[in-house]
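Here the chain labels run A, B, C, D, E, F, G and H in written order, and each chain numbers its own residues starting at 1.
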Amino acid sequence: MSSTREILERVQAGLLSAEDALNQLRGSAVEDLGYARIDHDRVRRRGFAEVVYCEGKTPEQSAEILARLAARGESNVLGTRADVETFELVRHMVPDAEYHPVPRAIVVRRGSERQIGSVMVLAAGTSDLRVAEEAALTASVMGSRVERVYDVGVAGLHRLLREIHRIRQARVVIVVAGMEGALMSVVAGLIDKPVIGVPTSVGYGAQLQGLTPMLSMLTSCVPGSSVVNIDNGFGAGYLAHMINELGEGVHGHRED
Amino acid sequence: MSSTREILERVQAGLLSAEDALNQLRGSAVEDLGYARIDHDRVRRRGFAEVVYCEGKTPEQSAEILARLAARGESNVLGTRADVETFELVRHMVPDAEYHPVPRAIVVRRGSERQIGSVMVLAAGTSDLRVAEEAALTASVMGSRVERVYDVGVAGLHRLLREIHRIRQARVVIVVAGMEGALMSVVAGLIDKPVIGVPTSVGYGAQLQGLTPMLSMLTSCVPGSSVVNIDNGFGAGYLAHMINELGEGVHGHRED
Amino acid sequence: MSSTREILERVQAGLLSAEDALNQLRGSAVEDLGYARIDHDRVRRRGFAEVVYCEGKTPEQSAEILARLAARGESNVLGTRADVETFELVRHMVPDAEYHPVPRAIVVRRGSERQIGSVMVLAAGTSDLRVAEEAALTASVMGSRVERVYDVGVAGLHRLLREIHRIRQARVVIVVAGMEGALMSVVAGLIDKPVIGVPTSVGYGAQLQGLTPMLSMLTSCVPGSSVVNIDNGFGAGYLAHMINELGEGVHGHRED
Amino acid sequence: MSSTREILERVQAGLLSAEDALNQLRGSAVEDLGYARIDHDRVRRRGFAEVVYCEGKTPEQSAEILARLAARGESNVLGTRADVETFELVRHMVPDAEYHPVPRAIVVRRGSERQIGSVMVLAAGTSDLRVAEEAALTASVMGSRVERVYDVGVAGLHRLLREIHRIRQARVVIVVAGMEGALMSVVAGLIDKPVIGVPTSVGYGAQLQGLTPMLSMLTSCVPGSSVVNIDNGFGAGYLAHMINELGEGVHGHRED
Amino acid sequence: MSSTREILERVQAGLLSAEDALNQLRGSAVEDLGYARIDHDRVRRRGFAEVVYCEGKTPEQSAEILARLAARGESNVLGTRADVETFELVRHMVPDAEYHPVPRAIVVRRGSERQIGSVMVLAAGTSDLRVAEEAALTASVMGSRVERVYDVGVAGLHRLLREIHRIRQARVVIVVAGMEGALMSVVAGLIDKPVIGVPTSVGYGAQLQGLTPMLSMLTSCVPGSSVVNIDNGFGAGYLAHMINELGEGVHGHRED
Amino acid sequence: MSSTREILERVQAGLLSAEDALNQLRGSAVEDLGYARIDHDRVRRRGFAEVVYCEGKTPEQSAEILARLAARGESNVLGTRADVETFELVRHMVPDAEYHPVPRAIVVRRGSERQIGSVMVLAAGTSDLRVAEEAALTASVMGSRVERVYDVGVAGLHRLLREIHRIRQARVVIVVAGMEGALMSVVAGLIDKPVIGVPTSVGYGAQLQGLTPMLSMLTSCVPGSSVVNIDNGFGAGYLAHMINELGEGVHGHRED
Amino acid sequence: MSSTREILERVQAGLLSAEDALNQLRGSAVEDLGYARIDHDRVRRRGFAEVVYCEGKTPEQSAEILARLAARGESNVLGTRADVETFELVRHMVPDAEYHPVPRAIVVRRGSERQIGSVMVLAAGTSDLRVAEEAALTASVMGSRVERVYDVGVAGLHRLLREIHRIRQARVVIVVAGMEGALMSVVAGLIDKPVIGVPTSVGYGAQLQGLTPMLSMLTSCVPGSSVVNIDNGFGAGYLAHMINELGEGVHGHRED
Amino acid sequence: MSSTREILERVQAGLLSAEDALNQLRGSAVEDLGYARIDHDRVRRRGFAEVVYCEGKTPEQSAEILARLAARGESNVLGTRADVETFELVRHMVPDAEYHPVPRAIVVRRGSERQIGSVMVLAAGTSDLRVAEEAALTASVMGSRVERVYDVGVAGLHRLLREIHRIRQARVVIVVAGMEGALMSVVAGLIDKPVIGVPTSVGYGAQLQGLTPMLSMLTSCVPGSSVVNIDNGFGAGYLAHMINELGEGVHGHRED
């Protein structure tokens, strides 16, 4: 851990007291609001600011955390699963905040506008768009160029096949599918890039609120794919951007 | 119920006593072995003799029931999930009995050799053959011509697509698939005949001994398909033959 | 695939450029609305237009897709799980659209009025009618003559037995049942036609929102039956019509 | 609690010291073997000796407990799920012990031979006999006259209907069924006596080792029935005898 | 089946035509409302009129069925899980109908007022009262004298023990319990009468909407008990009355 | 049981009649409200008054029970999962009652104000506060000094590590975590005090309303921890106080 | 973190180079065997050596790890779920190793013989002894005095009640129970000490290999209890000792 | 699809007949063994030969498929979950085949020896090595340089922290963990590279054969991670290599 090493070397050189070193090692880049500890260190450690999952927080809590992250201005800021009430509170504090109603997300642009890539987002059906758009927005806000191919479920396979050439151009492919989730296996079998499956809760009965496509994607007979939580468009977009970045030659491990 | 009507008319005509009529109404075509009641009426009622599920019965019990059905000689006789020990006991009593080791089934030929059809059996992987062969044998023993296309899972879609023309010729298609069971949806989307999905217990972990492909097939986004129990090749073959028979113009409701 | 063959022969004959052939092979019968790709090829491939599952789509999305399918006029058009708001939007664009409140379905008549058959729909209880009517309407809209026998659950077996003669006349029987789903096994044991089980979410506690009758039907001790998803009246009606059509001697595989 | 009252009255009368009373109240009818505390009080409290569930105990432990209960001689003694090794150990100590191989039970006759009743035991299939015989033996050993009707599953309903008159004669009916367990609902709908459902683990796949018939029986649409654990023939036989005894006019609450 | 015999003897004697006999055998005591078939035969067959489960039916459907059963006047009439709207419709047609708000039940008194018994209803907690009162009302309406002991969960065992003498006086005991359902085992271990466990959906988290006490009761280490569906107070009360009736010496099997 | 002994000695000494002794043994410290039996004995037996779980009770029922416990004045009184309506009713009867909106709890101070300890409450995320505050309030009301460290989930491990010194000072640590619940294992591995895990229902999809962190905590690879029900802050706080009390040297077993 | 502070102070004082400090901070008390990293720091950090879970390791791996821990000699050494083959390998290297066949555990005595306490271990049935003995041995090896009360399941409540006085003497109580696990709630309701529930996999059918008592214990209506994994006697014994130690006044947080 | 375009252009140019073009389009690179169709096209399409999952195939079937793939010599060949018997059959046909006993895999080296990377494989415990080694071997055989850090579960966090610097050097990290699977979240929170979680079936009880860590990893609060099936080391290694290859600048989409 070179930063630990640096701290220690500064102690050895008499430039830092043991007490101060201890404090630094304990991670001073944390802002404590009582109900939340904002991890401002995350930009340095993981390359992107803490993302705020607004569900389960009060609008006031979400808004304050988002505003403080925006105030830092170190990277774009993202709040997911946010309602309009939360957004209104944020806009009061951060006038240039944007609201994206389909994925229900709040964005504050504070990072570079450069986009690398690309990340391809597929959706099996029209009902999966909410999740697909959360994935697309997340990857985009983090810095990936995003392409979309929607409503290409396996019931009409030719809809998918006619787009397969375009799909193969991407560095990483996100497949968003409810019902039985078969689209992920079919896509993974046709391309040679990493595929991230996002099961959705779209369906009824034996679909079990998304457990069935989740299990189905996990037991896929096609290697080269992996799965995130049900309806977790955010997680898929985040991971896709990380992989996309690797492909760009952005290898640097930020913190050490 | 015309047979009931006939019985009543014969009572009215004085050709039958009330006592005898009662016995007839109570279904005298049952042979009681104590541990089992053989339903000899089933050929008349459903067009095929009772099929013996040998698992959970002692070899002696299975063998005796099979031998008694064979002795009736009204239709082919089928015993499923039978081990070799049971077969040896049956062969002792019925020398022309056959054993099929892959589906572990015993057959005694007593019916017509005519075959109608056809029924197509698809298997996603080599590991699904045991179940696929049970389906194929059942349909065949009941009187269907059976075709097989094996190892056409969605990991290599072109293996399926090159056979799709042949698959479309069948009257009804059985899809046997373990893992995530995606093959059923893909096939159903490409043809216009009834598809019967048979999930298998092939796989591990999140495959949940076949529950995952079973749930996956049930939530298929493609209509025109339905599902039988995990590993139930027999049930699929039986139903496929019934549908095939309808297509042949064998409409006759046997009993009334 | 003869249509592919035809395209290739026309290329070979110089009647078609490689570029155009490629476009045709990629399936040009798809209408892309951004949020949806309407599969106009489905009438040719599967004999009936794409059916619109309205749940999870916005009323505007559902209505537009239904209107475009109706404009094609190639077959009857069906929208399932549609609310009145969606219907009002459709009626604005397609004045002769019908709304069926019990199954919550929208129908636009554009196909032949001929009805073949028949398909029998049984419901175990009064609470299962919503699903039973979805099955009946689907089969009817596709071209099957439908008969109904409702409230014949096994608690009063004589209610079923007195209708058994009528039930045996049908080519295929749909059994809609909640609670423990026992009706399907009892019916399948009494007739010699394919039986399609539709478990419903009617019940409470150990009924597990329909999982119990679904599992129960899948493990039925009576062969000749298969199962569709919980509350999936549409899927049952669709499959029943396909089987009914086979029995009519409508063997033709539409596309090749 | 009159026995407590009696103890207290004897203390009041000076016939019993407080210390001795305390010991008596603490239940001295317990024999402590270290690994087990034999509840000799159970005959008085519940009318039948403690029944020994041999699975999970060493043969030596089971045998010693059974021998000690037999030595008391207050009622018949029953050991369930016992293997032959355990029985051999018991027979060494109790020469007149009997072994019943189908239900795998050990019986020592020490009670009255009078049998009241009757209790009817139905089994859906031949594979359910092991459990059915455990139920029958338990009720019989406790003092009920038992009748059996086996292999009357709903696949051939007439097999059941022809026995329905005999079934109606019983005071209480046990229905043992694996697969989907539909027999319980059908029987309960045809009679007016209490029905005890015993789901069995007979089946595969979606049968879930008996969970499916268990859930199915619990959600039965027919009142007048209740359910015991999967494969719990013992529990069903025990409860059936208690109900049978009530019908005999054996109301006496043993302990007070 | 003596009634069948009687019909046949009347045919033999020329007192009945075959046609009429057939109709009678087919069970003419069914009133068909289209959406429902009222089983008026049930009083004769099972000793109590069909009970109407109002959930999932429209208020109009429930009310009409209840009114028709009341019009027959053959036994008390019971509608369970009924809302006030349904009751208002019933009262319009049947002015002396009663509404019981805690168990949400409608009663029309048409049977004898004699009460036999008794049936004891225990509830573990105050939150279980809704279910306990459904059980108590059902048994009472069918003709049992009912006693209640509420809020005697195992957290304070002495609350139960002080009532145990009273509990032992009953012929059959219903135990209603949510949370972990331990009360049923404790009670069954203390008495020698049949115990019917009713798990309730009271609780949260690992209580799984009642599945946990249901499973817990089914695996009880104490014999003499059985279980009905979660929150099924009605089923428990119905069964308890049947057992209570047996204890009264009401053995008569009604129909044959 | 010395109190039983005392009662018996007083009988022996003629100071108490058998009848009165019996009543005392049956536990007269129960106040019967019909729908509830207040266990006033609990302070003596377990050191704290019965806690009222208000969910599933009517506001009137909850309020009356709370008021009666407050009237006794033997210890602080706690009502959990109480809404404001219930609180208003309580305040009417007990003017000094307090309402705590985050954990939705009612408190009436009637006990000592001394606080021992301490109990540490950790929460993984801001959304877990509702449960964490229920735990903290419960332990505090019972007499423990409580410390809080919130929003220290494993996504930013340094937030936890910088507080680890403070966490180690406590006698017992409660870890409240939703999502995957990993925080509990990490904390337990870093300290040498008992850890109580409280899974919360915070999350979605595969989080299964808290089942996933519950199962995860139960299978922790780190010993020294145990788990309470999902969202059961109350149970964790109660247990933590008991352990804290032991550490204070409050060994006395209250009742004997 | 005082040890970190000490390291830093030694760096500041020039007694330690930054490089060495870094190594120390990285935890040099880890012995790397390739397949395992022995955490020798655990005695210091948590007061007891790493316990070796032998299942899933080869006998050679388990034996080597145990031998190395024994060689340290800092505390008693415990290997759980070990077979005899593993023990033979250990004994070869550590002649004074002991094997405990009921809990299948290996012990090497290297710590103090002082025993504090006490910890009470209850088992519901004879079949639960394997798990109960694992709990008892673990607590004992760690330094607690252990008492045992076995076979006190709720089927015969007086067996428990007569021991309740003894149970109340302990500082912490472990309740080991399979079947429905009701014993834990009953015990927790009767005492005022922490109760640790250990569900076991003893039972069948709806017992679900221990899930049912696990869920049942988690939803207990009695506070003051918590639960460890199914069959996890080790975890219960470990936690019980930690609580017992707190009660002894062993507050010292070992590491800082 | 340029290869389709090429075929069409060759048809247009008269270099290819329509018949031959059709065959090529149907994918002639499939070798049909009856029970299996070897997909020799996969090297071209996905960059690596079909991997043979040997479980569920007979040793003869597995061996023949592996030998045929090796004969092609286009890439390294991998057979997973292979027993020694299968390996002996393979070695007979392919003398330079290797067997790796820990992951139970067969390898035939036919590809380049160049290794890029790197891929880091972490295992939480010694019992997880079988799966970790399958992941490591797969990535290595495909061409990745692999590093391993084993036995760094969260029970002793410092074991992980001291290796964190090394872990950060890798391009992609595989985390193999049984029990509760917490290691994946902790690692993902500390690094900025894609993390692939592999839950294992190591554990017991509530671990549910790996379902618990699988669900736990899916609900991780840390983004940047995704999950493969339980025990699916192969799938993780395969995906890790794909991502690693992207990072190497191997962007080329092989087939078009």
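Simple rule for what comes next: a residue touches a chain if its C-beta (ideal position, glycine included) is under 8 Å from a C-beta of that chain, and two chains touch if they have at least 3 such contacts.
It should be emphasised that the depicted structure is a prediction, and the values quoted were computed from it without experimental measurement.
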Chain pair repeating D-E, as identified from F-G, G-H or C-H when over half of the contact pairs by residue number coincide: F-G
Whole-Å gap between the CA centroids of chain B and chain D: 38
Averaged-CA centre spacing for the pair chain G and chain C, given as whole angstrom: 59
Sites on chain A at which at least two other chains make contact: 1, 125, 155-156, 190, 205-207, 211, 214, 218-220, 229-230
Chains touching one another, given as label pairs in label order: A-B, A-C, A-F, A-G, A-H, B-C, B-D, B-E, B-H, C-D, C-E, C-H, D-E, D-F, D-G, E-F, E-G, F-G, F-H, G-H
In the complex, chain A residues that touch chain B: 124-125, 153-157, 179-182, 185-186, 188-190, 203, 205-208, 211-213, 215-222
Interface residues, chain C side, partner chain A - complex: 26-27, 30, 34-37, 39, 41-42, 50, 53, 55-57, 61, 199, 201, 209-211, 214, 229-232
Of all residues in chain B, those that touch chain C in their complex: 1-2, 45-47, 51, 164-165, 168-169, 171-172, 190-194, 196, 214, 218-219, 223-230, 234-236, 238-239, 242-243, 246-247, 249, 251, 253-256
Interfacial residue positions of chain A with respect to chain C in the complex: 125-127, 129, 150-152, 155-156, 158-159, 161-162, 202, 204-207
Residues of chain A that touch chain G when the two form their complex: 1, 4-5, 8-9, 11-12, 14, 17-18, 21-22, 25
